[in-house]
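Before anything else, here is the set of structures, which you'll find just below.
Presented sequentially are two complexes of chain A, the first with chain B as partner and the second with chain C.
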Partner chain A sequence: MRSRRSTTLTIGMLALLVYFLFPLFWLVVASTKSTADLFSTFGLWFAGDFSLIGNIRATFTHNGGEYARWMANTLVYAVISAAGATSLATLAGYGFAHYAFRGRGPLLGLILGTVMVPTTALAIPTYLVFSEAGLVNTPWAVILPSLVSPFGLFLMWIYARDAVPGDLLEAARIDGAGELAIFFRVVLRSLVPGSVTVLLFTLVATWNNYFLPLIMLNDPRYYPITVGLSSWSAQAVGGTGANAELLAAVVTGSLLSIVPLIAAFLLLQRYWQSGLSTGAVKE
Partner chain B sequence: MSLAVSRIGRRRLLSMTGAAAAAAALGACSGPEREEQPPAEPVGQADIDRALTTPTTITFWTWVPDVQKEVALFKKKYPAITVTVVNAGQGLDAYTKLRTALKAGTGAPDVAQIEFQYIPTFSLTNSLVDLRPYGAEATREKFVDWTWGQVTGPKGEILAYPQDTGPMGMLYRADLFDRHGIEVPATWNDFAAAARKLHAADPGVYLTNIAANEPAAWHGLMWQAGSKAYTVNGTELGLAVDDEAARKVADYWGGLAREKLISTDPDFTDTWYQGLNSGKYATWLTAAWGSVFLTGSAKATAGKWRAAPLPQWDPARPVAGNWGGSTSAVITGTKNPIAAAKFAEFLNTDHEVTKLFTTAQNFFPATKALLADPAFTGAENAFFGGQRVNELFAGISGTVDVGWQWPPFLDQASKDWTETAGKALTGGGDVAAAIGAWQERLTAYAEDQGFTVVE
Partner chain C sequence: MSSKPANHAYLFVAPFLLCFALLFLLPLGYAAYLSLFKDQLVGGTVFVGLDNYGRALQDGRLLGGVGRVALFFLVQVPIMLLVALAVALAVDSGLLRLARLVRLGTFLPYAVPSVVATLMCGYLYGPDFGPLAQLGDRLGFDPPDLLGDGWLLVSLGNIVTWEFAGYNMIILYSALRTVPAERYEAAAIDGAGPWRVAWHIKIPALRPALLLALIFSVIGSFQLFAEPNLLQRLAPTVIDSAYTPNLYAYHLAFTSQQVNYAAAVSFLLGLVILVVSYVVLFLTSRRR
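Up next, the complex of A and B:
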């Protein structure tokens, strides 16, 4: 295959790259500054004093080290939610793709319809339900709603339909394998790229989730990093008793909070790349 | 936010309209006058003593950092009562949670930190317990008059205890004033002349910044000018955010903004912090807490600032507005109203506790005793070149207009202000016309919510 280059496209891509990296660059620069430098030196370049280490220390020690606890909470919420949502989406997607059962069409339509409903809109009804069940202000209030990902199911349905040939299943059945054995020993391997994509999507979604934990959790011990940082930020600018010193910790905390996500993407890169392009070419 | 407000519901309001109509038929006049209603039967001392000696746990939602220090003093005095402090976030975050919990009927705290301006919003939904039966009226004399007005409901109910306040003054850069020969302006006329002179002398400097995203500061300036923008009486709502005083404020700042003699950067943003540090703004029209805030956020300028009262409309009769400050309120549905009410009272009236708030949290106090306490007022503030800033603001607190009231839908009022007047300020538009549009929007909204709007 001949490789083609387009100068226009390259420049366009570079422009987009700068556009997307710009806020990140600001964040990196800003987190190396003390609160005083943050507001008295040029925003897009480093100040004379390099305060990153001091900022990190301040971030992790402020108010009894609650930042570390929030990071751990987020990690737990995100990993459990993402793993759970991925398993459910993989199982269900495969089921919809390869089993014929009564009501499959309408059911699938119903689930796909819920993709349209933003989870933020459901947060308050969910709160009312959870409050009846006595689950408000517990980690379950964040984890349970995140276990269901209609979009993940949709992705897995398409993926399972295209990546798992019906003939393969027929062959396995003729060889005498049970349905569960077929799923775990034959199908699962070919579904991995799709699953990893769903895993990353739900991981990011739970990691960044703000409104749901905001209203569900009142106790800072259960806060994820999003709500925690926002509470620090409010404390830093909130009028009476405001603690402007905290701003440097808010900025540094924001930078640190995305490091695990970046790591997850880099580590799982080879899987999700193939997952994203699946279905692009019809055989 | 508007979602939360609309959840107040039309039906409850309509059911209240009946009562209001009956009151009107009895000859009660409409408008700002308040119809006193006798409090519920007072709780006896024996019941209070019993409640305070019975082991009880109450929950307290507050964003005040390190408030455990003050709470510990309560525990020392009343060992039977355990107070669980929950930092449920500050400002809007906290209110979102509180509304959700109130709506669900479970999970709300016994006592909550609420800012003055949100008291009507929560009292409209009957979410705040009237503290009169628990002896609130006996504490009235301890608080500065205007703060008591802020926590008093339309029927005379006491809805919270004032905790800290934000009387407004003017923080200014003495070095910039000296360099350009600017006198500290005593009137708004002087202020406008100074703005012109300063900006001509150095086009990179503005006499002040009126943040186009900060309805709270604007309300403070309306307050100072004597506007009676909101008057609540049951479901009857006096709405005049464009009354004569408000129009005066709008014309004044609109004119200065159009001439580009002041800047209109959004506050508490990167640009704004940079502006405070670089000397782009020669004054900050702010509350007493602003003086504390600057010491952390504008370190580079330490020693260059001084404080003064706001310039006046009528120098013969100095008046100030207020921006910020908060209260402790007891939340409806509490199973331990006596313990909750007594905790809120202790936290805001006990001399040792209120004094601790001024040193540990740098609160600007609401009690007369502290505002007259030489230990508080005598403090020399190095950031302000050794000026006794507390003393100055204590004096200002005594001049805050007592008549100002907040609307029961502050979120909407703030949002609409930003979209009308805020936009006109930044765009160099007609701000007086913009507050007319603000009035129209709010009227439509209030009527939609079931209020009877009177001008």
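Up next, the complex of A and C:
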């Protein structure tokens, strides 16, 4: 049965694939063009002049090199947030899965109930608290709210429940190992696949976040790439006037900004393909 | 002996719980508190009870936005999930050539930030150098105004479908990988072809994963922000400051400085999402 291939199905799926890759193809083509060529040449094929190198230079030098700063900010915000959120979720997921303690059920219920609270409905309340605390317009305003991932906890709780056998813990305790030693020497290794999945998804969530940094940050020095590109594109609307050349930089900057995440996804395929189902299969 | 490990439990759960309390519960509580007040030109901030909520429930602009995202949800989400389901089943069927390429290519847009996706699509839809407009220009037909009043919601739906169909496909596909092989063997003995296997074994096995995807889509649709916020510049006459509820809350809090009312609107929006999610859960579990 596995050897019979369907040509019709393959053609249908390749058509869908064209739909998904088409905008990215356009982006690659467009980033090789000067602003003038964007307007004067057909969008789906390369122009005579190859301006990619010039565009990259323009992207990185515009307005004192703020693009490079935004990329660095994004990297810092995303890595700290994702590492923090993953650590918290991994520890707590294991704690909820393998210890009976007072209030476990209600606490777990409370946290899992908030999985459905939309992050943007929480963003304005968080802004209000942070402006009282003087945290607005600092990097912390973007990092701190990203540390709590109820969905990450949900995934890790299920993962720890299934991947860590209770017998193993009992055996280690009988051997006289302390609880922390058990966690770091015995448990952590088997939690890694789940943790990497949570890491990847919190990484993407912070990398792509727009609403939270938009409301929290006023100072362009702290912008992540999403807010930065958006502010450039606002100046470049129409591609005319003083900022005409900026349009090519917006297009090229967009392309450069997605390269790191696409690379991460290609490298870590194993994890997002297996780990993502954890939440969906159980229950 | 049994109480000793339990004491250590707090070591593991306390950091999360602390952050959860400070960064989740505290903001919600503070916003709930603020939503009970009103900032007046004369008399300063006064307690008004649930007045802000009463005002919100009669606010035509807010209700219009909620209606719009509800319509968006009802049309866009089924299309997106059907595409995701079709790709997941095709990739899993073993009937597909280049299955790996299809799986990767479909998922790739998920790695593109919604800001970049929207900028890209905005340029693609646009009249200046969008390929469709260029083709129309060259071949002498009038291209539809994709950023005009009639098309904008469709264009928006296309952006969101492009961004998230692959993500949902992966949820469904990885759930399919866990279906026990014995079920397929039994079907093969019965002589069931791939279509019957898909219909009678795979789709029923996908119920929990489909439900999860559906719930995420409820949340995604009702809190739509980045896409309309960025398209606003290209279509300022179509997308007003209350096009989606989230756009409206943003406008209230940061442009018109009505923080108390914005807090109430945020709350109501969260409530709407919870209610819709539970309705979806209820409807799908009852049918079983």
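Here is the rule we go by: the second predicted complex is superposed on the first by the 250 of 283 C-alpha atoms of A that agree within 3 Å, B and C clash if a C-alpha of one lies under 4 Å from a C-alpha of the other, contacts with A are read in each partner's own complex, and residues count from 1 in each chain.
Quick note on the criterion: a contact is a pair of C-beta atoms (placed from the backbone, for glycine too) under 8 Å apart; a residue touches a chain by one contact, two chains touch by 3 or more.
Predicted model, so just to flag it, every value in this text is computed and none were measured.
**Q** Have a look at where A:L88 lands relative to chain B and chain C in the superposition and call it first, second, both or neither.
**A** A:L88 contacts chain C only, not chain B.
**Q** Just chain B (first), just chain C (second), both, or neither: which does A:N218 touch?
**A** The first partner, chain B, only.
**Q** Of the two partner chains, chain B (first) and chain C (second), which one does A:T119 touch, if any: first, second, both, or neither?
**A** In the superposed model, A:T119 contacts chain C only, not chain B.
**Q** In the superposed arrangement, which partner chain does A:V237 touch: chain B (first), chain C (second), both, or neither?
**A** both
**Q** According to the stated criteria, A:D167 is in contact with first (chain B), second (chain C), both, or neither; which is it?
**A** Neither partner.
**Q** Look at A:Y127 in the shared chain and tell me whether it touches chain B only, chain C only, both, or neither; answer first, second, both or neither.
**A** Both chain B and chain C are touched by A:Y127.
**Q** Of chain B and chain C, which one touches more of chain A's residues?
**A** Partner with more touched residues of chain A: C.
**Q** Could you pull out which residues of chain A sit against chain B in one structure and against chain C in the other?
**A** In the superposed arrangement, which is not itself an observed complex, chain A uses residues 38-39, 43, 124, 127-128, 214-215, 227, 230, 234, 237-239 for both chain B and chain C.
**Q** Which chain A residues qualify as touching chain C in the complex?
**A** Where chain A meets chain C, its residues are 1-2, 4-7, 9-10, 12-14, 16-17, 19-21, 23-24, 26-27, 30, 38-39, 42-44, 87-89, 91-92, 94-96, 99-102, 104, 107, 111, 114, 116-122, 124-129, 132, 144-145, 147-148, 150, 153, 173, 179-180, 183, 204, 207-208, 210-211, 214-215, 225-227, 229-230, 233-234, 237-239, 250-251, 254, 257-258, 261-262, 264-266, 269, 272-277, 279-283.
**Q** Help me check something: in the complex, which residues belonging to chain C touch chain A?
**A** 5-13, 15-17, 19-20, 23-24, 26-28, 30-31, 34, 83, 86-87, 90-91, 93-98, 101-102, 104-117, 119-121, 123-124, 128-131, 134, 162, 165-166, 170-175, 177-178, 188, 194, 208-209, 212-213, 215, 219, 222-223, 225-226, 229-230, 233-234, 246, 249-250, 253-254, 259, 262-263, 266-267, 269-270, 273-274, 277
**Q** Give every residue of chain B touching chain A within the complex, in rising order.
**A** Those residues of chain B that touch chain A are 61, 63-65, 86-91, 93, 96-97, 100-101, 103-107, 164, 166, 268, 270, 273-274, 276-278, 287, 289, 292-293, 296-300, 323-326, 361-364.
**Q** Help me check something: in the complex, which residues belonging to chain A touch chain B?
**A** Answer in residue numbers: 35-36, 38-40, 43, 63, 124, 127-128, 131, 136-137, 214-215, 218-220, 227, 230-231, 234-235, 237-245, 247.
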